[in-house]
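These are the structures, in structure tokens.
In what follows, chain A forms one complex with chain B and a second complex with chain C.
After this line comes the complex of A and B, so read on.
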């Protein structure tokens, strides 16, 4: 690499040079891993070691259960404290990889007599794995390029790019925390297998694929990408025994491994998501057969007949798959995956998927925000892959096109795009640096492509390479690249610190004098629940808060973020969006003791329930279209209002009443303002007759109401009639008869 | 089938002659008007159809089909409604259960529209029977308001909810034989064409530059937010309120169609400068022109990146970084 005669180079040449470079490389990788871990610790330093957001709270709770009860109990776990009164077969409906990983780490540390709290393991698991991801990235990129710096650059990009940090800061204890490492590492093993045609690498890829299946639902991406890679290779006429060996090994072992997870079970042979892998498995057998027979067939006619029969057989098999899907033997595409292709599907048919903010399409600023200058190096890197189009470069190209489509459709899938962007950007940037950092001019030996200017090669790579001659050019380009790299580091740090390090359980804002003001209403309210309510009190809230209530307050909930039962969620939506007379029977039938709402009107916290309210209405309307109507919540001019001109349906809904109950008492007469919606509120507080206010947190973000018991008859004359109605209904349920899910 | 038709019409004839009260044979009289499709109504027949007493359900859609009313929804939904009527009339229902489908166009039923004080179309009304086994106490019609494009399945589900329980004919979409045949023909044509032309097509298909261009265009499209435009149906450009055009939408998660094209062009320029620096420049043999090329590519890169950053800063207030020129 270096040809100058400075004394440092004595160390970098010959056999001592190799080991020196190896050592240097290890030091750089360790530094990168350290940077990856430390840039994810903002939230721990600013706030505390706390689990973030929503889903991580469930994972944390499940991990604690695993630690306390052992693996087999965890496997058979039936959770009766969620989805009251249905319960959830948790052991069979989750991806256990994450919990098992932290459980294993916990036990290893215990074995080494290092007492670490399980919470700290969970909080720091994602940063630790991001260090490993950087290393896996180094391995993967090294397979793509002969340049020694490409792998290190890719590792450095992966370590700090916000697209990955967004899902792996300390405390974000979610499946993605370990899944991205597994994704990158599985791809590395797969490339290794294809390159070497070795059963060992194929089996290792299958093993890590199995681990990936146990960790994240996004494994379907691998399940479809690897067959696609093989298919494209076959179409390009690049079939070889290497491809055959690696694919069949991976498919057979990987499918068996994935079927060990109860949640996946027989899906790999019963579901359309996995059919491409099976189809390619069949196709590659045919192609292998043809390849084998071709050697023994002399005549050209025979060969043509063979090709025709292969195409015919695969066509027939394809038709067979379609028929099987039509007849229902193979389940159709799952909703989440299908909505990626038919982008309007979820909004019409599965509002619960469409309602999640991370399932929205991605606007261009998000791409730039998450990837900075990598986003424009990315196409250049893909172009470089066309230069010497080896099997592994085909993989990069397919991955790039597919993942950029997915990332464009769903914000959340930016995560799967990030690794390949880092690979491609590192390919092009390392090429530039290698070219411009060489001190002496002269052609660089870079494989075959620069030597064969055939028509096959890329247009820009036809003439031979001569290198850069002037020092000025080198200095200009190198310094510009360094500026861009420094800007990238600054950008990543700024984005991580500003956008991705908030636990969202604890909020922070600035006081007028610049000091930090911590808003800790969530935990205040959840601990109130934990300490002031019986252990079996059922809490109803919108599903977003289900996991947090289960994790922090340890109380049974009606619905949570698992969202497996749309009807149950719609029931809660109906209770929230109906009049009290309608809601009260629903609350009684579901044994609800407390109702929790999130209200941001005092503080200007925009993620509150009134802003989510339309989704509750929509989801409820999906089940009871004639009882809950979205249109009733809009004024005749099509506005969504909460002030004097709010529609009667809005004003009488339980959600509205709970949110604004007594809110005007905080303000002088007629001055009550909602700081989120920016409107004046009616001067009179809504009257609640079936609920009692039990608790309101410091900044009014969380309000908890207790459901009144039936015995308080005759206290409110205006509602007496309505209560008689509810009373009669209730008497039947009070006698512990069979529980009825809903009244209609 | 024919025999069945003959039989039923005979049955109608007999029942019409035998019937004594006016209402029961009103149903058969209307049903014989149109055996499968919805009945085309006008003011008088609408009044007659919906008058009491009636022993049948009647689902009437009030619509404005003529193009001068500009009711796109009416025209879109009409085939769907025909489909519902067809499926119902073809299917088997319990003997005493009667449901009629009718269409009242604004041209034929201005009086009815005025009486109902309808401002919008289409509107679907379902009239319950007033006599007979399914009679309801509240005989006012149920109304379905259309709030957007909707499929026959959803409307049929809504109608079914208001009908008494019991087996109902499923909604059957007719198989589009034409499409299947044309699809197969086109497929075979393509295969034939490909086989015949393969000596000419194969070099194009195998052309690496073509595939490279295709992949890059796809990646640039997707990473500049094209799918967002497609899903959210954003406007191409918008006015800035002072008579000019604003090319960039305000706000982080908001964009215009043209904006994404500008961004894609910027990404493309940046990518090609990077490719130029990496692959083109080292291949220039002449030293002078190589240096000029480096400077040109470098300046283009810096300028475009700086502009991109300034655009991003405008979209994302509080973003602190920038590069010199812009």
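After this line comes the complex of A and C, so read on.
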């Protein structure tokens, strides 16, 4: 290292210096990958090797199924343990890339006689792939810039930027874990294809695109970005055979590859999301043909021919499009897509999309939070691309414009913005460093800067030796940059350890004396279910917890995070938000044995069901507007209250009753407080007549109720309860009329 | 094909079989047409020129492409007329035709002497074409960045992937 860092040495030695540089480069990349992996291990160290959050639990369960039953069974998997009466064609409605990847890794390790538990593979898959992402980032950025340091800087940024870490900490076994690597790598191959105009690179890009399609729904981003790139190139008059070759190869192979995934199926030729790619494919054929014909003709005649053919083809295409859209061959744009353009769309039309927190618009601070100083280097990087406008720079510009828009619309899409921000920032930073350090071999070390502060300081001290311009300005600029880089590293580490490393299945809090207090209610409750209920007991809960119940408790659920059937979710929402007399028949009809609610009132855990309750009401209202009304849950002054002044609809709703049932017994008389809402509760506990409390976890986060059977004497449940309490309320019974099971 | 190759080796000489195509003919050819000739005249002219200037090897590729267009067209017509019942099968058949067409077009661009020229404004298109008709290899490598062997290997690679997917998709 010392040998090649000294620029004079490297210059003198020539080829040996180059090989040393190559070696150094590899070492740096490996170090970056190691940093990427290790910075994602906070959660494993703090907690344990556990799958996080919600969706990963399903992926984990699917992976276990894949390993136990083999690939073909997995492909045809019909899951009757979710969406209880309906079931789910799981094999055809998931992106199998993630599960297959970890399955392959598992079998390879087994083959090498390294028995690793599948859980550990799943937990560590995301960090492992983040190392690969850093490498792919290096390749991509190297295509953009001639500066040797840009790639390394970009790799380092990508490795530790919180925008990416947020989705790839150990344990977040989600599609994004591998998808971002595939995204970056596909773009790299695409750029390579455009540069070389070779079928091979195009075909490789298509293969990785196919892999990406199998892994993440975000593949639509690639499907639209690449055609847009080509379109812009054509419009700029940069059409060339290279563009034709790479695009057509990519499209023909990539589309076929994407159609192999059952979940995607015929979408690429039916769905409007994919139409731009098809349109550009047609366009480029025309352009190529025109280009071909132009070779035979002088300008004037060519123009004549061109106008004639353009009028003809555009007319045909337009008519064709109208006919196809009218006849419904091309499906309309999907809801999630509309919500990308019109941020208010989802709220009005599809509450279930709007209810997911990661589909909310991004708050401004989170850009800085997730990207730190990269975000203000980003525009400069885009500007640099304008200065040196080659085909690949056009790509960067388009990508950055599109991705910044999307990232502004949906929090989740911050993830797609992150790679390009890293590229742009690395371009700028490498330019600065190249300028102020009088490069040649120097910048190789710049890549380490965010890794290894100590060598950086050394470097800055040594800088002046190489300098040719003002000693002072160099020192100032370099040290300022280094300070920023160090701050970036500090920020990333801080964000990762504090914001993104919580499994959310296990919660941690601090005791007054500063010691850590682990709250493990979720697993406690799920294991209670696993141990104490029959294997076929149906559990009803809000859909957020469906995957976890399936994964941890291994019990059938009514709805889960797949949310493919809005009506079914609305049914659950209705059961939760109606009076017991209405809810009970619903529960019976769906064979529900247990109802699970999440309640944070004791602990002050804000993500509980009472806070999500309005979404249940809204979704139910979307299907039964006359039976469930959101307005009924607000007081006359428009407040959402749970205390004495709560509306009757609220206080009689099943959710309210289940949450606060017996809660006041924990407190002295009249002292019951809900720590999430910060309000005093009514002194009397809500009475449940159709459900029995079965289990309440240690901190009351999870409460499970058993649905009572029909009464032995054929009584109404409220009557039976009243009878048990010893007070005969004859008058009320008469009012209630015949004791029949109410059905809708 | 094989008969063609030996005759093409002298790089500077115009290729014998498509008769006399010195650069001058090519450039002067269109001029015989009046500037505001009708579209059909222009088309005819293009066709004639194509016949005279294209080397046989490229012509073979073109014939293959025309065949693929035909195959694709027949499949599409069948789909329209007789319904698309085994939609997978239709789709993979059609995609195979389209994909192969596209790949062949790419191969043609890379191997035909003119196509390997980069860049948009192919003003030198025709001149370059006539100059190194059935071009010698080394020059093709230089300006296109892709040698003919490489292009052909790529083509096979692409086709293999294409047909693998098609067969997998056909049910």
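What we mean here is this: the second predicted complex is superposed on the first by the 652 of 744 C-alpha atoms of A that agree within 3 Å, B and C clash if a C-alpha of one lies under 4 Å from a C-alpha of the other, contacts with A are read in each partner's own complex, and residues count from 1 in each chain.
Just so it is clear, a residue touches a chain if its C-beta (ideal position, glycine included) is under 8 Å from a C-beta of that chain, and two chains touch if they have at least 3 such contacts.
For clarity, every value in this text was computed on a predicted model and none was experimentally measured.
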{"item": "Combined model on chain A where chain B meets chain C, clash or fit", "value": "fit"}
{"item": "Partner chain(s) touched by A:203 [first = chain B, second = chain C, both, neither]", "value": "second"}
{"item": "Which superposed partner A:240 touches (first chain B, second chain C, both, neither)", "value": "second"}
{"item": "Partner chain(s) touched by A:631 [first = chain B, second = chain C, both, neither]", "value": "first"}
{"item": "Partner chain in contact with A:249 - chain B first, chain C second, else both or neither", "value": "second"}
{"item": "Partner with the higher number of touched chain A residues, chain C or chain B", "value": "B"}
{"item": "Chain B versus chain C as contact partner of A:266, first or second or both or neither", "value": "second"}
{"item": "Distance of closest approach, chain C and chain B, by C-alpha atoms in Å", "value": "16"}
{"item": "Chain B and chain C footprints on chain A, overlapping residues", "value": "none"}
{"item": "Residues of chain C that touch chain A when the two form their complex", "value": "30-31, 33, 35-37, 39, 42-43, 45-46, 49-50, 53, 87, 91-92, 95, 98-99, 102-103, 105-107, 109-110, 114-122, 125-126, 129, 144-146, 150-151, 153-155, 157-158, 161-162, 165-166, 168-169"}
{"item": "Residue ranges of chain B in contact with chain A within the complex", "value": "145, 147, 158, 161, 208-209, 211-212, 215-216, 218-220, 222-228, 230-232, 252-255, 259-260, 263, 266-268, 270-272, 274-275, 277-285, 287, 290-291, 294-295, 298, 301-302, 305, 308, 312, 315-316, 319-321, 323"}
{"item": "Chain B partner contacts - residues on chain A that touch it in the complex", "value": "343-344, 360-369, 373, 375-380, 382-384, 386-387, 389, 397, 400-401, 404-405, 407-409, 428, 431-432, 435-436, 444, 456-461, 463-470, 472-473, 476-477, 480, 483-484, 487, 490-491, 494, 625-626, 630-631"}
{"item": "Interface residues, chain A side, partner chain C - complex", "value": "196-200, 202-203, 206-207, 237-242, 244-245, 248-249, 251-253, 255-257, 259-260, 266, 269, 288, 291, 293-298, 300-301, 304-305, 308"}
